[in-house]
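Below are two complexes that have subunit A in common, paired first with subunit B and then with subunit C.
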Partner chain A sequence: MSLFLLEIRQLAEIEAMAASKKLITREEWEKKLSDVKIRKEDMNKLVMNFLVTEGYVEAAEKFRMESGTEPDIDLATITDRMAVKKAVQSGNVEDAIEKVNDLNPEILDTNPQLFFHLQQQRLIELIRNGKVEEALEFAQEELAPRGEENQSFLEELERTVALLAFEDVSNCPVGELLDISQRLKTASEVNAAILTSQSHEKDPKLPSLLKMLLCAQNQLDEKAAYPRVNDLSTATLEDPAV
Partner chain B sequence: MAGTIRKEILKVVLRETNEKEEKKKEAEAPSKLDTSNSTGGFVAVSTDIMKYTSVYPDKPELNVILADEPAPWKNLLYYFEIYVKDADFKGKIAIGFTLALFLMNIEPWWEDLIAGHESSHGVLYSGDEDTGSTFLSGDVIGAGINYSTNEFFFCKNGELVHSVPNNLSNRGLYPTIAVLSQHEEMHVNFGQKPFAFNLKDFEARERRKQQQKIEEISLSPQVTYSLIRSYLLHSGYEDTFNSFDVVPSSPITDEQTNTLNHRSTLRQLIMNGNVDGAFAKVHEWYPQIVEVGSQLCIYLLHYYGCYKFELIFKLAYEMPLEVLANAVNAFVLSTDPHMEEAKDCLHSPLERLLKQLTACKRYEGEDFLVEKEFSKRD
Partner chain C sequence: MEMDSLPNGNNTAGTPISATATATANPAPPQSSNLPQLTESLKLEHQFLRVPFEHYKKTLRANHRAVEKEMSAVISGVTEAAAADLSPDDAVNHLNSLVCRLQGLKRKGFYSFDFLFAVLSLEEGSRAEHLQAQKCRVRLDHLESADAENMSEWNNTRMKRILVDYMLRMSYYDTAVKLAKSSNLQDLVDIDVFQEAKKVIDALQNKDVAPALAWCADNKSRLKKSKSKMEFQLRLQEFIELVRAENNLRAITYARKYLAPWGATHMKELQRVIATLAFKRDTECSTYKVLFEAKQWDYLVDQFKQEFCKLYGMTLEPLLNIYLQAGLSALKTPYCYEDDCTKEDPLSQEAFRTLAMPLPYSKQHHSKLVCYITKELMDTENPPQVLPNGYVYSTKALEEMAKKNNGRIICPRTGLVCSYTELVKAYIS
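Now for the complex of A and B:
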């Protein structure tokens, strides 16, 4: 590899200064911050977006009244979406499927993976409740045909059915399927699918802006020493280490 | 204490209005090679064509030429190319970036470009000798800086061929060409013509990588929750706050609850156009604010830049209701002993974070606006 780097022996003082990181004082940085105007309207939109996406329907309604910010989807649909989410989280998968179909039958028709995961969750609930025969019958009739069409579905089905081989689930290598976290995972997938069907982002904007801030600060660290925010909750500026 | 904070609020507000940061003239982007900034032997045929003829025909020597300006650093990428019209049969060409003043100290032999040696002065690339892939007549060679990954990257005939970490300053890096031979002719392209390398695609890929990097950052949902909560509390959106705050993440003092209720009432009165009613309530609930000497109204003035006292009260009735509501809210907050600094009254943590994000992005040269984020889809 012929990568040539210039080695110069006497470094001019001025060049050393140019190469070092720029120091931005608190006063200079606060001037920059004061030049930035954030519109109340935009902050209100961020808040409404969060309330709507996360399903705080009552708070969203109150916020609409208090701030005059209009939600970008019908608030009534949040109630329906939350009902579906709640049904999955409490293990009532049949009820959840029915509610999704009432809301929009195309959601499950056009999303075979989601439908499979809901059916898989239904199988998990049957196993959890000790309904072994019913679980086997359900797996054979409803899930096996889908497994034949899709290799990854088949693997997931095999993992789920493996729960039946263990009397003591604590020793089962796939025991995590019976955790509440599995319900939450499925509920989150349904929630995202409903939001997508309503032409709405599946995640709120605010967390991604906060991540963008962390990333932007890390990037700026390479070029300058400046007052940064380390604690997002308080948004306190901390002086640059000189 | 509260009086001091209110005076501080005024100072911040007036500073925001009066002190506009001096805009330093940004250096122009490189547009041509600079024969005056070279080791000699280079002749500019035109602004984009450069010929090199050795002054010692029997002995090849290292000669270096820099661009007229350093690479602009407030971007995601910087890139330039040369087309090697004539590489000379004994020739060797290297392309890259160097800090301006190295020419004062350069020793005139190619051996001084030590392969793989860390340097604080520049980086030049002359192809991959292991594969015999050096630069020949007809080749298009490119060199770039990726500021997001802190790397130099090099291209040959439109293909990315090499990258190396950038351990140098991002400022003052001049596009540089070095030659070791007797005769060379090259055409340089600083973006005046389309590049052989698809820079647009490369930039799009880098932006996607950047986005992925952002998404990989883990963030506790509690952080977002507490920011929404503090925003609702700060803005005086009482009903929303009570509805949202099902599981309070921190206790609220009686004082805070009182001001929340008052601020909510004042905001509603103002937003409904009842400014007289709002001012009457301020007099009733917070006489100490009025006693400070119409500071509230002075606070409002920075939106209009008018400092004639007799116009103060008139202005309060003419300005946008949202502005007035926010100003009244900030002043009522200043009566809360838990508010330690003026900025806590003026800006919620959410607003301060959005300001910090915008300032960081703008410092990097990006034209960032929060409102633009709403037009993007995940």
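Now for the complex of A and C:
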């Protein structure tokens, strides 16, 4: 009996909470939104920031001409950065290292982890192409000395060299190193390092703003029922469930 | 008489060992009536029965496999002959060759073959099997023979068995054989079993893994059941030797064939060893340098000894160590380490003190006072008495001394002379 009473009380509390949540109608909400003013220049800067960071150089050039928004870095460097990224993604790591050094020799000098990961990727490519002797020589000459200096490099090196022990990569516990996703991961790391060297953020601002929107909505959900943006791609307001 | 497993033995067999062994040999005589008093002592004889029994089972399995192999070959030969379109002469020749094959089996002692009735019957009668069944029987009889009358002789035999076990485990094979022969203990010790281990150990000490790998193959199913890593570790060592010799491509081929299958369960160790390809034999990187050291072979020897003992249900430590540790921990008290510890106490000797160092103290709920003169216990029947100089002796000893010396007492430790009337009775609380 007491259990039943307890459940009744809990239900009552939930209802009271729901009742205490402020309900904001679509009309009120849209009025509040229309009162917020956003400058066109700010919007254009956000778009330009996105195009530059993601490397859409031609689109950025056209957008500059059409909107008059100036990018905060030289657009020519984007082409170089994207060439590096593309080289890594297609497995031409040597070419990528050369291009990075042409762009800014300090990038690899000041970032030993990035350099190790590029060398590791190069070893992976040699193993992928069945160049066993070359892979061994490369591991001995280039990677082992760096592994000795750093425990985390050593573990990465162990995992990579272990690929040599498996003819059938589908049964290899470290087989994911040969996946395309590993190339993308390395390419993304190089891309971020180049952007940092150009005093530019590693990530575009637009996705960050969208994350903030979702975060703010989640916090507001606790206090009010309001028209929500559930689908970011359409940005449609959806009425609150009453 | 069901055998309890030793603390570091492992009685995995579900059936009481003695019962199974008896069934394979002759029926046992009725148990000795003295056995209940000996039960505690016999609990330590687990491996005494277990080892020959395991050896016996192993031989049976090996013989059974050999028989099955030969039989399936003969049967498939007959089937082929039946299916083939042979002339009568060819058919007779073919059957004769199969008969010869079976008679060869019979000579090996596995089978009898009665061609007239075309009956193939399997005979469990190889010489090795028979000898091992006999050994189980002898050991059971030896345990049965333990009773109060011959206890001292029986214990003496046990002492020699323990010493032989120690010698065999320490690889003093010739000494072990000599002691066993001179004491007529051949059936009560496991020389034949340890000879099998000796071959593998000698090979490993000579940096040769082939006999050890063959041993792993012979015992594959049982090693797999106990989740043994022995074969894997041998393979790793063989890989290391290829890297040491700078046969890198051969090492990779070897790894793909013999190491890759272990990747799912032992990837961490596998990775570490494969990485030696990048670091080479002269590396200064401690992680890999250790893998090229000679002591890796010593680890393999130790590992093999452990696996071998586990397989035969032996204790992992020599019995001598176990008995010594049990005895010393029963005797060890803080008093043993004091300067005036009596010479009769084994722990007054440096060698025993060293052995007892890691052992716990004996759990003594009450002090036991032993008279310095008579070496007898002082209790309410024979209470302690205190001399004026503070030394304590038993009433019995002091009364005898007073009788001999006209009522005078002479302290054996300080030389003090006093009258019997000056003594004060002490009480044990």
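Basically, the second predicted complex is superposed on the first by the 223 of 242 C-alpha atoms of A that agree within 3 Å, B and C clash if a C-alpha of one lies under 4 Å from a C-alpha of the other, contacts with A are read in each partner's own complex, and residues count from 1 in each chain.
Basically, a residue touches a chain if its C-beta (ideal position, glycine included) is under 8 Å from a C-beta of that chain, and two chains touch if they have at least 3 such contacts.
Predicted model only: the values in this text are computed from it and were never measured.
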| item | value |
| --- | --- |
| Greater subunit A contact set [subunit C / subunit B] | B |
| Partner chain in contact with A:P173 - subunit B first, subunit C second, else both or neither | second |
| Contacts of A:E158 with subunit B and subunit C, given as first, second, both or neither | second |
| Partner chain(s) touched by A:Q198 [first = subunit B, second = subunit C, both, neither] | neither |
| First, second, both or neither for A:L206, with subunit B first and subunit C second | first |
| First, second, both or neither for A:V132, with subunit B first and subunit C second | second |
| Partner chain(s) touched by A:A144 [first = subunit B, second = subunit C, both, neither] | second |
| Which of subunit B and subunit C A:V47 touches, first, second, both or neither | first |
| Partner chain(s) touched by A:Q182 [first = subunit B, second = subunit C, both, neither] | neither |
| Set intersection of subunit A contacts, subunit C complex versus subunit B complex | none |
| Subunit B - residues contacting subunit A, complex | 12, 15-16, 19-21, 73, 94, 96, 98-102, 104-106, 112-130, 134, 148, 150, 162, 164, 168-172, 178, 210, 213-215, 217, 219, 221, 223-224, 226-228, 230-232, 235, 237-240, 243-244, 264, 267-268, 271, 322, 326, 348-364, 370-371, 373-374, 377-378 |
| Partner subunit C, residues of subunit A touching it in the complex | 132-133, 136, 139-140, 143-144, 147-148, 154, 157-159, 161-162, 164-168, 171-174 |
| Touch list for subunit A against partner subunit B, complex | 1-12, 14-15, 18-22, 29, 31-36, 38-40, 42-43, 45-47, 49-51, 56, 58-59, 62-63, 65-68, 201-217, 219-220, 222-224, 226, 228-229, 232-235, 237 |
| Contact set on subunit C toward subunit A in their complex | 248-249, 252, 255-256, 259-260, 263-264, 267, 270-272, 274-275, 277-280, 283-285, 287 |
